[in-house]
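Structures for review follow.
Consider the two complexes below, in which chain A is the common component and chain B and chain C are the respective partners.
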Partner chain A sequence: MGRVTSDPVCLYVTCSARRWQLPAQTSSATLRLNRRMLSLKRDKKEEEDGGANPFNNLEKSTVLQEARTFNETPINPRKCGYILTKVLYIINQGESLGTTEATEAFFAMTKLFQSKDPILRRLVYLGIKEMSKIAQDVIIVTSSLMKDMTGKEDQFRGPAIRALCSVTDHSMLQSIERYMKQAIVDKVPGVSSAALVSALHLGKGSHEVIKRWVNEAQEAVNSDNVMVQFHALGLLYHIRKSDKLAVNKLVSKFSKHTLKSPYAYCLLIRIAAKLIEEEDAGSDSPMFDFIESCLRHKSEMVIYEAAHAIVQLKNTTAKDLAPAVSVLQLFCSSPKPTLRFAAVRTLNKVAIKHPAAVTACNLDLENLITDVNRSIATLAITTLLKTGNESSVDRLMKQISTFMSEISDEFKIVVVQAIRSLCSKFPRKHNVLMTFLSQMLRDEGGFDYKKEIVDCIIATIEENAEAKEAGLAHLCEFIEDCEHTVLATKILHLLGREGPRTPTPSKYIRFIYNRVILENAAVRAAAVSAIAKFGAHCDDLLNSCVVLLERCQLDSDDEVRDRATFFVNVLKQQQKALSSAYILNGLQVSVVGLERALHQYTLEPSETPFDMKSVPLATQPITEQRVRDVPGELPSSKPAQDKVAATRQDVYQEQLAQVPELANLGPLFKSSSPVEVTESETEYYVQCIKHTFSNYIVFQFDCTNTLNDQLLEKVTVEMEPAEGFEVTKYVPCASLPYNKPGTTYTLVKLPSEPTQVTGTFACTLKFVVKDCDPQTGEPDEEGYSDEYVLEDVEVNVADHVQKVMKPNFAASWEEVGPENELEDTYALSSMSTIEEAIKNIIQYMGLQPCERSDKVGEGKSSHTLYLAGVFRGGHDALVRAKLALDTSGVTMQLTVRSTDPSVSEILATAVA
Partner chain B sequence: MGFFDALAQWLGVKKKEVNVMVVGLDNSGKTTIINHFKPPDAKNHDIVPTVGFNVEKFKSKSLSFTAFDMSGQGRYRNLWEHYYKECDGIIFVIDSSDKLRMVVAKDELDLLLQHPDLKNRRIPILFFANKMDARDAVSSVKCSHLLGLETIKDKPWHICASNAVSGDGLHEGVDWLTDQLKDVLEKKRKK
Partner chain C sequence: MDGGLLEPSLYAIKAIAILDNDGNRLLAKYYDESFPTTKEQKAFEKNLFNKTHRANAEIIMFEGLTCVYKSNVDLFFYVVGSSQENELILASVLNAFYDSISQILRKNVEKRTLLDNMDAVFLAADELCDGGIILEADSNAVVQKVAIKNDDIPLGEQTMAQITSKYGQQVSAATDRVLQSAKDQIKWSLLK
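Coming up: the complex of A and B.
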């Protein structure tokens, strides 16, 4: 989007990250300049061929061979410059150089320091920066660069500083420190900027050294040059970033004293906005006053930044927003397209959060609908859609459909997202919107775009029962001509789930069976599964479905044949329980876990058949990954994000298997989410995760020592077990240095009485303290024992239950049967709404709500909640809760079915 | 080389260029020696330990020198070898007042002489027994004895005592090197 124009505001909006990459920008500029110069001198003929890239099809080995020319004396600057450009080109194209070849080329390049040719020298600087991370002994150029950086040639000084900082490591930094300090306060702006930006880069690894340059940075802030001032402020902020008070002072100081540079102002606004966000402050904060005052700055860039910052803040009232929105409103009618774009994009973003504030701009946005720039027009329309009322929807949809074909996919997706939010806002308008979406589905478009539309339709179907038939019909039509296998299978799966429950299921079968005839193997297989679901659900269609599936048994693909054969055999049994278990509800295991269990089984062949119950269940994807930012703490859940397929639980299973004391406990049944058992800002920070096995619970304590003058050793968490529970083992954490998280485990045996599952455990952290030097981390010889009381850890019913989604609850309900059924009625007097009751029930029982029964229709006074799950040991557990709202609170009739009698008993008493 | 360069060389205006390497232990005075040859306005008054290397140019009577002033610190000495191949002559600087480390210098010299890039080349080596003004400095003869220079048979070498701060002895040494290098260049042209 930033490419639309080169106006600074727009660049600022989209590419803020680039601000710290000044060296990269200049380097590509020089490269381009040099390439142009060289290509000018090349054959005219080549140019007539259409100006083909002279660097196309370069071979790495040839280029490196050519690089040996650098060793020749005397140096031919033009030739060497050309070759060096080639080397830089291949590196920038992503060619990877080995350490040896890179080192060889690097040392050859160092010989080019003999030449004083300015173009060649600047290319050498680029070469040094590019190769500083791949070649060895890059330190060799230090003195040469130091000479250039302190030399007379201003043209060399800035780039030399940047190159020097890329080769300098932590240990060498002290030797160049003096020169860096001088360079920061140099009167040549380019040199000063280069030094400041390099200092920022160095700050990542050597924060302590950079801290000492604060006085120089302070002086550079007073520079007259806009860039130097901006960079100096950036450095000052990064030096003080971790100290909130110092940042506060920084902002209040510079907000009074007028800065010259608009860039510096923008940065200051961002820092101020971040502070407000962190402190959770509202508009009464002095920081807010500063941002507000920036709305009257003379530079448009600063005005925009301030307005942008204000509308993004969390705790703002309509009154605080008004000035910012009116500034954006002014920008909407600016003659500069970048300003219009920036304004409308910002308004579009905040339209959901503050529709009322944005409504004020509706008139200006209406004008932008016809803007020549389609990006602006699209954003204007989608903003209006978000803020508009029900009556204007028709008109806007009509307007937007006139130019849908002219905008790029990226903006079409924005439109679809706007429609998606409209669908949930105005369910009554689903007719217009569905028609529009189906129109869009028919048009040309890429995968992401189509996927967005399909997702939107599916979401609407799930939320709005009235739109279901129309939506399914549109999707059926779409798969008739769909080139994306992923989307086709997704829709077929949806049809299999939703289709049988519509009034006329038979009409979908034709669409599905067409897929079996026309599509590729993956889609055919999905279609076969969908047909089987119709057969299992609708008795009157059973025979027809069996006939269709029998035909599929002649398919050319293995998978399709296998599925068809399987389904035909199951359906022919005509047993509800079988159909429910094998067709409607599918397998509920974690795929990674299943793979591992099967692998284990093949390694140790045994007489007994493979037991499905030993496979860990699929956990519901964790949607909200809470990332705590304890300073310096490593995120412990990192591996979970790396491996896409592995769920959190699979990661834990692997971790636990690494601990020899905890092996042989069997498959991990469930891991709870982390619970803090200390306050987050205490001396020792501890989190507890409960891992449930068939007969044991493992308590995992992730501890962090936040005292830099202590080293903890032999850390354990001693637990006082509740009645019936028995602590069998402690696995201590050998050593816990400052700010390095460590883990200790406590193994607890569960009571033999099956109905006794809950309890409260008092915990104490026990350890040996060794005092140590905060600077070096060197511990004393002698230590002493100490302890620290933690909060209690509770084990409740939910820890023994794994959530399982049963897509067809009724079938499963029948499958389990009334054998172990328990029923009871409760009066939940503390709950005032049904939603609240549902939330609490789910939390206590730890079961998965099925068939979206956790959502209550508006204004209803009674509701039925369906919950499903698996109890420790592999027993299915199903719960039906009929809730009714009356004057005294919520009354609940709870029915529990399970394959095990004690499980029914546990669940029935969980709520009480 | 362009036409004008060739013309200038023919007329004797432009001097021939040669590459020399300046090596030796740390704190032996390499950078100071090079600094002495620089024109007065380019002289550096404050000499700090070199990290890596520096390229400097200076002229003698009839040759134009490009000197690679290498860092002498222990951890950078293994980097010298990257520049052996292209050099026409070597200047080896010894701190003649540092008797203790004379053996270290000898080790480094032996390593240098045995290096495959130099072993079979008749490359002139100039030794500067630097810091001759120091009170406990050993004489150049003693120095050559300590380093075992008399065993170098296949390369022309010359040792002279010098004082890099005052400049004593430096020109004498460089004149010798110039003559040697000119001989080599003559021979090359005849071939």
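Coming up: the complex of A and C.
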């Protein structure tokens, strides 16, 4: 070895260098020697790596070249084995082989079947598996592998089966089927397992063939070998999983007859849990008894699986959970970190739904706070935060802060989410929590983590008025040094909205203006908008704000300049209405809709100016509220939902535009959510969606024919119009075959009298039936007319109103003015709580609650609800409802303001 | 973090890996499409290594996956599964993986020995897990199936006489190797 010879020199140099370095002289000699040492060290380091790893720096082409040795006879097993290992090594390192390279190596490898060397042979199997997906004509090895799989050498048989299945395609499966069946019931466990596992892999593609192996699988479940039993049960379930009854039998059979394998038990528990969930059964199900009995199994793996399954089930009560929680509690003090982790993680899940069930474990969880595994400690703390009471919050927060820097971002997010739920649970603790959050904001962290904190602070500010000032101050500090543009703009927007309404708005302006000086264009633009909002809302700051904005007019970015110029000019008018419409409450239109309308306008040049009211309004994302209510929901599903809600109306608009009969109705104002007008299990299933236009309503009926021996043609929905309404057109659905949804439209003209907007329509489905063959769908020549009575469709006030969020309700209230104000007092005797009244009022009027006035403080007997929206035709509509609770029910004083007198009248009567 | 019920499936393992003490891959097998390209796989390994090489914590939630790990001298063994997977199953696979490698390497679980026995290591990984399904979770059975140089009885259960008669030469070679590596270590500690 070359290394040994160089060693003494090296040692000598080391010693001399040490001696030279000791007096710490910086003579040139020492420096030179040091440099030599360094280079020597580097050489040695490289040599060390190369020497230690014989596979380092392997060249793909060299290795493949070497693989030609396989063709030599006689075969040298050692040498070939070494080369094959090299090939496997470079593939494992991620080197990709081309088809020709792989095919060439593959064919060379097949020559190695001549050698009987056990290691070499099984390396060949590995090689075959690696290359089976890249090389061509891999079927060539089938016969060699089949020989091995049925041969005498037991240690070849299992691996040979697995290699064979990787080269087999569906057409070849038939020919090996007999051998596979034999292998499954082979008495050698390795062979049987290999066959079962391969069958599962094959079962992903060709289910039919695998199905025929069910008897063999059944036999294999009774094997004495634990792994064979596990694999056989897996295959058996895979074959039968679409047949619920068979799965049911499977579980009840094997839950009685004791399995040997803990893995098989875990699988059986999962199958049982799935059945319980599918049947929506509770703890009275026999499946549940089985799972519960597994809590007393001797293997920890099975006990945990059972506890985990019980915790995950939907219909469990605190009582059902108790045994599972107590085994998890025992695991908490296990010496194995994995067991502690698993237990505390599952307890954490329990705490989301049933915090009371976990309180018994509080003491054990407290001990885990100091666990060396930080993941365990974090989970323990967040669980305690969910189950603990107000008094323990301070102590726990202190404990978390000691190791926040040591845990991964993912867990930090878990902590933030726990704090978020604490904020809403213990509003009085906002001081401690806010301080902690601001501390976290200052620490290092990725975007997702920071975003979570900011969202948490914003949510707390919105829910808790007392926390507002502190929260805003923390956010101001954060944007001073924030590298994420998205977060900075979001915070600036929030400051613009909330800042002006605080007691001392002026202190925020400095923070915002600093952004104008220091940040990128997107943040500067957001800052400019925020400053303008201060100017519009606070009279005493107006002049200073104008001065600041005028400075921004010299900005290098045109968007910033444009915004500044626009705001300066609006603010200088000093008109409340203008400020409210153009600064405080902004545009309420759908951006996609605006783009489309403008595009349309430029295509057809006309004399009339562009009408903003023709643009569809932005629909309030209905999901926002809901998401907050369910904190356990997967974060990833949120954006998808929002997107759907925002574009639903655009989708309808597009759909309706496709129907030539419904052209020229103008822009779509509002689409209702679908209402069922039949029972869901009837012959014909019909849903109705109401689309409101300026002068018309289009009723869209989505019909599904659930009879497989009928074909419907010329399907329409005939409507008996209410007084004043007039049906002008039916758009039939030409043909409605079995199970293919079709759509028919009915166009109704709205009454000319502006205050007449509601009505009830009787609907009948009319069509021509043709009987047809259920199999082929071939219809008869002749058909006959028939009809089917549907439920009535109602048109109510909410269909004429689009929800609009006014961030600054008071400004809008002043903007619309008292001109068309109507006021009345109602006694809502049927309502027993203010919450219920609010819910009903919102539902009847179809307006958007503003300033979070739909949330009532606990135990209050009076409340003011602010609602805003736009009425069909583009008239702003604002409602202020003062509610008071007394013994006879809820009393409401309703004040309606609108830009149109008849709208005020309609809304004022909507509740009555 | 949240998960519903586990789908009853045998596909429990997403990946297994052995890394060296610089976080470089010595062996890595991915069984599903979580990391389709080599680049993503290596990035994942690097990040995972950075998170785990200092803290000896045995288990970590990482990029939405549950990873269990174990290290010795300059080797790191990992088994990765979905975040909903039973952590104890993953741990049992890791133990089988580690113990079988340890037996194959005759308790010299370090990079040098591992690379000298790379063929057996590949075979052991193959016998442990097939396409994401646990094939064998008993380390003795894995070692037996790998059957390297017909030592069917694990080293620990043999008498000293058996060892010397059977592996006389190998032992002396092994002693040489141990001495050599000890020498090297002394030398490097001096250099550093």
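Note that the second predicted complex is superposed on the first by the 593 of 912 C-alpha atoms of A that agree within 3 Å, B and C clash if a C-alpha of one lies under 4 Å from a C-alpha of the other, contacts with A are read in each partner's own complex, and residues count from 1 in each chain.
In the analysis below, a contact is a pair of C-beta atoms (placed from the backbone, for glycine too) under 8 Å apart; a residue touches a chain by one contact, two chains touch by 3 or more.
On a predicted model such as this, the values are computed, not experimentally measured, just so you know.
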Fill in: If touched residues of chain A are counted for chain B and for chain C, the larger one
C
Worksheet item: After lining up the shared chain so the two structures overlap, which partner does A:89 touch, if you call chain B first and chain C second: first, second, both or neither?
Response: second
Item to complete: Look at A:110 in the shared chain and tell me whether it touches chain B only, chain C only, both, or neither; answer first, second, both or neither.
Response: first
Worksheet item: Who does A:733 touch here: chain B (first), chain C (second), both, or neither?
Response: neither
Item to complete: In the overlay, answer first, second, both or neither for which of chain B and chain C A:140 touches.
Response: first
Item to complete: Report for A:74: first if it touches chain B alone, second if chain C alone, otherwise both or neither.
Response: first
Worksheet item: Along chain B, where are the residues that touch chain A in the complex?
Response: 1, 17, 19, 48, 50-55, 57, 66, 71, 76, 79, 82-83, 85-86
Item to complete: Flag every residue of chain A that touches chain C in the complex, lowest number first.
Response: 3, 7, 10-11, 14-15, 41, 44, 52-55, 81-82, 84-85, 88-89, 92-94, 96, 118-119, 122-123, 125-126, 129, 155, 158-159, 162, 190, 193-194, 197-198, 200-201, 227, 230-231, 234, 237, 241, 263, 266-267, 270-271, 273-274, 277, 300-301, 304-305, 308-309, 312-313, 336-339, 341-342, 345, 349, 372-376, 408, 410-411, 414, 632-634
Practice prompt. Mind listing the chain A positions that touch chain B in their complex?
Written response: 71-74, 107, 110-111, 113-114, 137, 139-144, 146-147, 172, 175
Worksheet item: In the complex of these two chains, what residues of chain C are touching chain A?
Response: 1-10, 25, 27-29, 38, 41-42, 51, 55-64, 68, 86-92, 111-112, 115-116, 118-120, 122-123, 126-127, 130-131, 133-138, 141, 145, 147-148, 183-184, 187, 190-191
